[in-house]
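For reference, the structures are reproduced in the following blocks.
Heads up, the next two complexes both have subunit A, just with different partners, subunit B and then subunit C.
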Partner chain A sequence: MWLAIKLAYRNLIGAGLRTWLNVLVLSFSFVVIIWMKGIMVGWDYQAKTDMTNWQIGAGQYWHENYDPYDPFTFDESHIEIPELLKSEISNQNITPMLIAQGTIYPQGRMQSVVLKGIDPTQKVLYLPSEKLDTAITALPAFVGQLMASSMKLTVGDRVMLRWRDENGTFDAAEIEIVDIFSSNVPAVETGQVYIPLDKLQQMIGLENRATIFTFNENFKKENTPDGLVLKSKDELTKAVDDMIKTKNSGQSVFYFILILLVMLAIFDTQVLSIFRRQKEIGTYIALGYTRRQVVGLFTVEGGMHAILAAVVAAAYGIPFLAWQAKVGFTMPVDTSEFGMAIAQTLYPVYGVGLVLATTCIVLIVTTIVSYFPSRKIARMNPTEALRGKIQ
Partner chain B sequence: MRTITLLIVLFLALTGFSAPDASEILKKVDQNLSSENRVMESTITIHGKRNSRTMTSRSYAVGTEKAFTEYLSPARDAGTKMLKLENQLWIYSPSTDRTIQISGHMLRQSVMGSDLSYEDMMDDRKLTDTYTATLEGTETVDGREVYLISLEAKVDDVAYHSQKMWVDTERFVPLKQEMFAKSGQLLKRLEMRDVEKISGRWFPRTMVYKDMLKQGGGTEYTVTKIEFDVDIPEYIFSKAALKQ
Partner chain C sequence: MNESNNNAESKNTPLGGLGVKSPLGDLGVERNNNAETQTPPSGGGGVIITTSQLIKRFPMGKGEFTALKGIDLEFGIGEFAGLIGPSGSGKTTLLNILGSLDSPTEGEAIVLGQSVSKLSAKGAARLRKESLGFIFQSYNLLQVHTVFENVEFPLLLLNYTAAERKKMVMDALEWVGLTDKVKSKPPKLSGGECQRVAIARAMVKRPSLVLADEPTANLDAANSHNILKTMENLNRQLKTTFLFATHDEKVIGYLKRKIFLKDGYVDKDELVNN
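What follows is the complex of A and B.
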């Protein structure tokens, strides 16, 4: 076997440019696959981290009627803050949020918004709630960057807000934008206005009530209070998982085409080698090689393309991938329109498993592709082969 | 003796010669504006920020409980029908051939992009049942003397916490109405013009609804044809009539 490897290596190097072209293309596949997979893992990581920080914490309790996709449920989705959670709220491990419908009139345009009452002292989410703790004549409010740009709002702007109390009676007041935050989570930015929780409770007439409760890692989940439903982090990030799964399947087609092209090149090289090196094959057999050994030699030779490619890929791929992990990949289009928790710049994350898996897959596929043309050797007549007669 | 005479004169002045009671005025307004039944053709012009669009419709109404409206133009809206039976509302859309019930919070949405919400259309309770009326004095609107009446909600579930109404002192038709939020913010204004005597009652042919927080010229509602107290077949007010 060692001899076969030595011979295969010598033959490969001896083939010169043909080998290096194959190796270069194969190494390119290595780098591209690892990079693309890395981007996906990086996105997954970023999306879940951003969602944890800005939106869902370590999980949430929802009022049983609350459906974020149906604003018509908001008016029936509130519960008195349960005694069970009060101590954790004061320990800053849980933050309650009251959600209601409202309408704002920026520049005289009527826009429906979701009003979110948030505790200005909360520390569970990154939302700049402390900015609401201010003394101004209007109602302090903050919005996300997406909302601010679509409504053309800037810090200091005052707009009229209209809402209905629990009995359906209209009320209206001016809000002042005290801060604009930027997250990568459209779900906390689009069409939402954040105001102090106690103010919203007073405005609607729902004192001491909330719609959702977001908790952090320090919160010990025991019994779910009546009227609430526990939403785990996995459940809340399922949309991201599904999206990445879909993207991965889509990318698999791309990997397949990439690998197919490389394998075609290797297959051709093998066929050409066997065709041109018939005398050599005959000599091997004359020297005592069994047919199986010759097939093995040619298979190893083909498979060694993958090993050389891995070495070449490491040579230029490691610096490239390391640089990418540092500067990230900035999406050429505005990702804020995607409606998903996706950053404008994605930072790839590479794991040992990812690199090993990619190397193994490419090695196995290359070996299989090298083996098939080599099988022809087993059917050769050694005498004819030695004479160099085309078979 | 002089004192008694003075008291009698004062009593007569307060009872016989003073302005009518605010709720009396509202009752007279109700008599003018509400009827047993009516068939009406109207145009609705929605003056948006940039452009205006006009729709025409025909409606049938019995009291305040039953109403049926069919949109006749433009082609995009033609065939759309609405049926209101007490506190329920259905809409039929010919493009989808579906009838949907507008309920709950959907009632708060705008009707065909106008300044009116479905709820504004649905609220058929008498003002005297939901508001406490106070006569504030008299003013002049469009050259006519009017009573200014302020209305304060006496029940919880009304859309507007308070209202102001300017009622023609002779014809008992409101010429202007303003609706306020709990905070006192003016939300909507309703102006009524072209008051004519139709079938023995005064009726405004043109009404302009304006959402005061929104840009745009409001929604103009012009009655082109109206008939009071006519026979309306009962089948009109059935869900089956929506698809016909």
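What follows is the complex of A and C.
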């Protein structure tokens, strides 16, 4: 085996350009695969971090009837702020939010929205709630970038808002957009208008009530208050994992094509070698190699492309990947239009497992692909090989 | 038994005596085994090759072509013999069988005590690896390896240590006068130099038998004489048996035994006495 490795190395280095072309292509696929996988991991990480910061904190309590995908549940999803949580609310470790339905009329259009009553003093989420603490004649409100651009809203705009109170009676007021935030979390932006919690409570007639409670890392969960259910961070971020998984499987096709191209190059080289190097094969046999040993030598030669590629990939890939992790990859198109939790600039994250797995897979596949054409040598007649007769 | 005697003797050969600067000089003066090499096959230390009724047929179209039509030959250790005949007379075919690269259709070829037709692929590889050296018309050097690496190759298969290999390779290169080309690669060498590398490669492990198929076919007269003298000296010095296949008059002039092949059988078998 050592001998085969030694000879394979001499042969590959000796073959020069032919080897280096294959190695370069192979190393390129190493770097691209690791980079793309790194982007996916980085995206997952970013999406979860953004979601934590803007939407879910370290977890939430939901009213047992609350279903964010069914606005008709909102009317029945509110609870008197439990005594159990009150001290932590005043400690800024937990913040209540009241959720209701409403309709806005921007520029004569009608748009139903989710109204979120938020405490202007809260510190649990990144939402710019302090902007609501202002003295204007209209009802202060802020929206996300996605909402603002789809409704063509800008800071200072005034829009008519209609809602129904607890008794089902319609009421209306004017809101003024005091801020527009950008979060990379579509779930907190699309179709949502944030207004002060106490105002919303008054408007609907639900004083001192809330729908969900978001807590931070400092909050120590004890007993879940009656009427609420605990939603852990893992549970709430599962959607992100699922989304990334879907994207990943989409990318698999790309990896497959990439690997396939590389394999074709190696396969081609091997098939060509076996024809071109017949005399050499005959010579090995004349010098005392068994045909099986020659097959081994050619297979090792093929597989060694992957090892050389790993070395070359490390030479230019490590600086490149490190640089990418630092400056990030900025999408050439505006990602806020995508409607999914994706930042404009993604920072790839690479794990040891990812790098090792990629290297191993490419090495194994390369070796297998090298082995198949080499088997032909085992059927070669040494005297004909020596004459270099094409078979 | 022959093999081990031979090897033992070749390993003990004082290599310094093989001419340092001019390996083609009178290498064998101190040794007195000339008598042996000049009176083969019976006068020497034993038999190295025996063939009996050796027949080789190749499938050809619907029928068969008989390339060897019952060859009976015997070679003693230390011979310097040649198969002579026009193209197509069966020289290469016979050499390939004796080199265990091919097997006879009928009859037997005993090489170093082993029947070629009964050898397994592994056994044949082992025979070649340990006891046989090949020299080809077109040199068959490994193009991307250096001269040193080419000559070293047979030793890699024999598990010598790096230090042993280095010494043996340098000795072999000294025999052929190529110590200054250690790091060159074959594409940078002349035909004569290439064939000398090939001789060094064939000789480096001190094989019992060297099979040389038209070794001078691609060389000019000067280079032909040069390598023939080298081989003649090695034959005398190391008692290596040389068997040529050739129709080159220059080679024939050096042979101590001439076997004329014609259409697959032995036409004449002459010993040269001088």
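Structure notes:
Keep this in mind: the second predicted complex is superposed on the first by the 379 of 391 C-alpha atoms of A that agree within 3 Å, B and C clash if a C-alpha of one lies under 4 Å from a C-alpha of the other, contacts with A are read in each partner's own complex, and residues count from 1 in each chain.
To be clear about the criterion, a residue touches a chain if its C-beta (ideal position, glycine included) is under 8 Å from a C-beta of that chain, and two chains touch if they have at least 3 such contacts.
This is a predicted model, so every value here is computed, not measured.
Upon superposition of the two complexes on subunit A, no clash is found between subunit B and subunit C, which fit side by side. Legend: residue contacts after superposition of the two complexes on their common chain; A:Tyr105 is shown touching subunit B, with no touch to subunit C.
Of note, the Cα-centre angle with subunit A at its vertex and subunit B and subunit C at its ends comes out at 150 degrees, rounded to the nearest 10.
By the touch criterion defined above, A:Leu3 lies against subunit C but remains apart from subunit B after alignment on the C-alpha atoms of chain A.
Once the two complexes are overlaid on the shared chain, A:Arg162 sits against subunit B while remaining clear of subunit C. Touch criterion met: A:Asp75 reaches subunit B, while subunit C stays clear of it.
When both complexes are overlaid on chain A, the residue A:Leu261 reaches neither subunit B nor subunit C. When the two structures are aligned on the shared chain, A:Ile285 is found in touch with subunit C, with no touch to subunit B. In the superposed model, A:Ala15 lies in contact with subunit C only, and not with subunit B. Nowhere in the superposition do the C-alpha atoms of subunit B and subunit C come closer than 77 Å. Common to the subunit B-facing and subunit C-facing surfaces of subunit A is no residue whatsoever.
Interface residues of subunit B, counted against subunit A in their complex, comprise 49, 104-106, 108, 153, 156-161, 179, 181-183, 185, 187, 211, 213-216. Residue ranges on subunit C touching subunit A, taken from their complex, read 96, 99, 101-102, 121-122, 125-126, 128-130, 132, 134, 136, 138, 140, 142-145, 149, 153-154, 156-157, 185, 201. By the touch rule above, subunit A contacts subunit C in their complex via residues 3, 6-7, 10-11, 13-16, 279-280, 282-283, 285-291, 293, 381-383, 386.
Looking at the complex, you find that subunit A touches subunit B at residues 71-72, 75, 101, 103, 105, 107-110, 160, 162, 164-165, 167-173.
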